[in-house]
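Beneath this line is the structure, given in structure tokens, with notes to follow.
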């Protein structure tokens, strides 16, 4: 088992490394001179040289890559091009905020989607099923920012149920109040992520319901409900773990638009600012961090899956 | 043998065979989800083609006497803070997003199919390396990679956005195609083809591809929905957008702050447009998924 | 013992709703099973036997419904029962065992817990239940119950899994056991063991059994009375002896005639066939369900449904012509097709294919697995070599190695007509590739679903014979028509054809290049018995006309015996016996062959003394030392050569002219021991 975990860990490290390479080259290799792009038309030659020196752009691509990774491993994310201060000062607090939002969202999304999938599967073909399946997937293709704006319009402006900013004012920052402010943004994310997870859960439950072993359970004399609880759920929920992990990238991506609409000083807002200002240091660091998060979740999901699936668990311990 | 479904149809004449094919198509045509989706999409496609003739005003026409007026007879969708007619801008923005979405998806599908065919059939080290790369790319949120690429390329052009999205879609589509190809290449008709000295090109394109077309078509429609999603979001965030174009996303970006002053119309109508276009495509892909039982 | 039957179907009608239309699946079926009796329901695909089984458990699929009649269990009608009552019956009185034991068990719950569930349903506490589970597993002859209880489903072999399922079914002490194809898909020796187990358990507990199978030999072996189902109607019913010795319905007669029994051989006897194919599930009939395929059909057969006619003591048949059934005219089809003479064709009997020291090792998860070990065989011109063996024998791998689909290990030689062929396919001449072809088991996977039949065959002709596209198409039409595929179907896609037709297309394709040798890998295993006979006849005809050689792979010993001139018996990737088909079947045999032959239930009712093989087939990645059969060999003990068997692998030696065996025990000793 230990070997399996180490193996997976190794693969994850390779993936993160590849991400670093891709991101790095994306910003360096593509046409355009970084320094000129950043400093604009009015830059003098000296400014350009100075800029390049500070940000190591005058070295070869490979040495830039390795210096950068070397710094990263020490926790140094470099210097922001727009603020000339450490990137970490910019990103770390923002990540803290985004984690809260993502956390709240995650704890709403997972139970809802799984429950939705199970309900749809148990009522296969009926109206509830079609509503959840078709409705869920339709909601998923509507961008988060559209949902965010609709929610703000409905529940923030027209019917003033929820606050329209995700960030509570000074003095009112109790935990409960913070969570309350995060409800609307979380729902924006929920609406987009619900559909696919519910659908895959539904498929897993249906496959289990239609399986031979379910038939055996019923023919043994178990009532349908007992059979479902004992036999179906644990088999059906295995694919759900995988699909939830696959949705983390979309959760992170969705943060950007949602944070903007709800005025939340999170990771997404910083990233958007960096895009506008062409601040490559911040951008690179930001992308790496999000990839780290995603890869970690995938690793956890893989390990969980292996633990819960006897076939794989047994293969590993051989 | 499983006896809960009718077994294979016995000998049939030509006429009866035609009936079977028609049945499949009629299944599609009768599907309510498909019909609703197709109807809405057709509406938008018509607008995309004929928008220039239908819109009452130009995209940049400004009327300073009617700034931020609510929907009324003169301006069905009202005007925005620049005195521009929201209705016209919504109509004129259709072509842009429809064309961009289709092109980006088509690009991703073609590249993804090529990738899937190659990795699914040849497997081995080539497959492993490519799959590692695909996994790495999947570890970066689509939106972020698109933003990064567009920022790096100083993106102000829709063409760039299309190319970036097409490339970003390729790995995921490739994965789906690869899975289908892996399944097919195990089947004996591929071995039978080798046993009559068929070359690889023939096997990939004449034997395997026709059998993986259904999932590819369905994947295309699914991705189309996401392309609309991505393009709208990117334009909202200001990436890949030309100044002043009647882009739905940037319309919302310019105007959404005003919803606090109850000026909802310049934001709501483009938002509804995005929603209905995306949902229509999604309904079509849902119904196809159902029919092909994927 | 009461008089109330354990199970009774009274005029039962079942229908499935497909796309809004009700399709009749069981038509007016009536039979009864006395307490303790074993009743067999036999039929081909689409006859409704599985539906009957599930109806007895009142477990119909979502779109199934009972449209008429009743099902009585010990006198009470279960059709109208509440679900609570049905559940009670299921865990106390009626149990079911069906095909594919591996999927019948939950993959994520341990075996012990699953079996214990049955006991817990009866009200036992968890610890009591576990004790009972151990007992139940011992009763089904599982040697180490505690170990098995901790395992998961995927860790059990097919036979072991089926025993567990049987243990679960018997745990509730049912008065009726429904078994739906319980041994289909299991290896022959494993099947024999499971059937033996069932018979013994029946004797001990006196349970009534509803046994469903398409295999007439198994039915004869296991059941007291038999019912023959065709297209959802019970066409004949009676005591097993009566049905097999005096079949009185044309379908039963035809069915029994088209099975290759022991003693029949292609050189002297041609198989009967039943023209046409079994109707699709749910077809509607005004008259007799069998009218379309019956040799005795008259007008009234098509318009009126015949009643059940008493033919003997509790022997009934649903036909107007029960008296004439036994002497029905034989339906023997002849197929005419000129495949095309190969000008270099040697005379019959001379050596065509030489396989020397064929070996193949695969790399699985880091282990080296020798799937094929030093196999040497010969096939003559116009001859059929039968390859038999159970799972792990390597039969399909050998076929693929010969054809070049896999590359063989060094030292292997495949010599066709004197020419040493390249190891892999892409290095071979077009002519050589066309000279050796294959017919696969599953025509659904072997034919490209998106191509028309003409294209499938035409393309093969084009590539293998170098003809132009137009000429190839014409030749394709010729081949197809010659194999009795009607011209109207030539532009059809495979999905629109029945199994038998698809296989004919596959055969046409194999013959597109005028091959000298065709490998047939279980070509009829997926087909109904009545269709199988036509395909076998077709292959025999092709061999007679063109002197084509075959390598015929099958697990069905009856079919192999009928069609082969020579037979090779394989075990764990090695040839253990090889010789004339007569010699191999009559004996003296290799101990493995002996055990294999004794495990097949004969259709003529003769009981072979069962020579059981202990244990399970070892994994090819970890073969036993010495002779690979030695841990299981029934003849090793007392043979005097045990020390050799456990340490040295015997070589394949010629023990009689033309008869080879891989065994340390001398031939005469085997002869003596096996004829006792």
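Per-chain residue numbering starts at 1, and chain names A, B and C are given in the order in which the chains are listed.
Heads up, the rule we're going with is that a residue touches a chain if its C-beta (ideal position, glycine included) is under 8 Å from a C-beta of that chain, and two chains touch if they have at least 3 such contacts.
Source: prediction; values computed, not measured.
K.L.:
Decide which interface, A-C or B-C, involves more C-beta pairs in contact, and give its chain pair.
P.N.:
Of B-C and A-C, it is B-C that has more C-beta pairs in contact.
K.L.:
From subunit C, which chain is the farthest off, judged by mean CA positions?
P.N.:
A
K.L.:
Report the inter-chain centroid distance for subunit A and subunit B in whole angstrom, where each centroid is the mean of the CA atoms.
P.N.:
22
K.L.:
Which whole number of Å gives the spacing of the CA centres of subunit B and subunit C?
P.N.:
It comes to 48 Å between the two C-alpha centres.
K.L.:
Please compute the C-alpha centroid of subunit A, do the same for subunit C, then give the distance between them in whole Å.
P.N.:
52
K.L.:
Please output the residues of subunit C touching subunit A within their complex, sorted ascending.
P.N.:
Contacts found on subunit C: 57, 59, 83, 87-92, 95-96, 98, 100, 103-109, 117-118, 121, 152, 154-155, 165, 168, 172.
K.L.:
If you look only at subunit A, which of its residues touch subunit B in the complex?
P.N.:
Where subunit A meets subunit B, its residues are 14-16, 18-19, 22-23, 26-27, 30-32, 37, 133-134, 137-138, 140-146, 149-150, 152-153, 157, 164, 249-250, 252-254, 256-257, 260-261, 271-272, 275-276, 278, 280, 283, 286-287, 290-291, 294-295, 298.
K.L.:
Mind listing the subunit B positions that touch subunit A in their complex?
P.N.:
Listed in rising order, the residues are 33, 132-133, 135-145, 147-154, 225-226, 228-229, 232-233, 236-239, 252, 256, 259-260, 262, 264, 267-268, 271, 274-275, 278-279, 281-283, 286.
K.L.:
Touching subunit C in the complex: which residues of subunit B?
P.N.:
Residues 1-14, 17, 20, 187-189, 191-198, 207, 210-211.
K.L.:
Taking the touch rule as given, give the residues of subunit C at its contact with subunit B in the complex, in rising order.
P.N.:
The contact residues of subunit C facing subunit B are 16, 18, 23, 25, 45-46, 48-51, 61, 64, 277, 279-282, 400, 403, 405, 425-426, 430, 433-434, 437-438, 440, 442, 445-451, 459-460, 463-464, 486, 488-489, 491-492, 495-499, 501, 509, 512-513.
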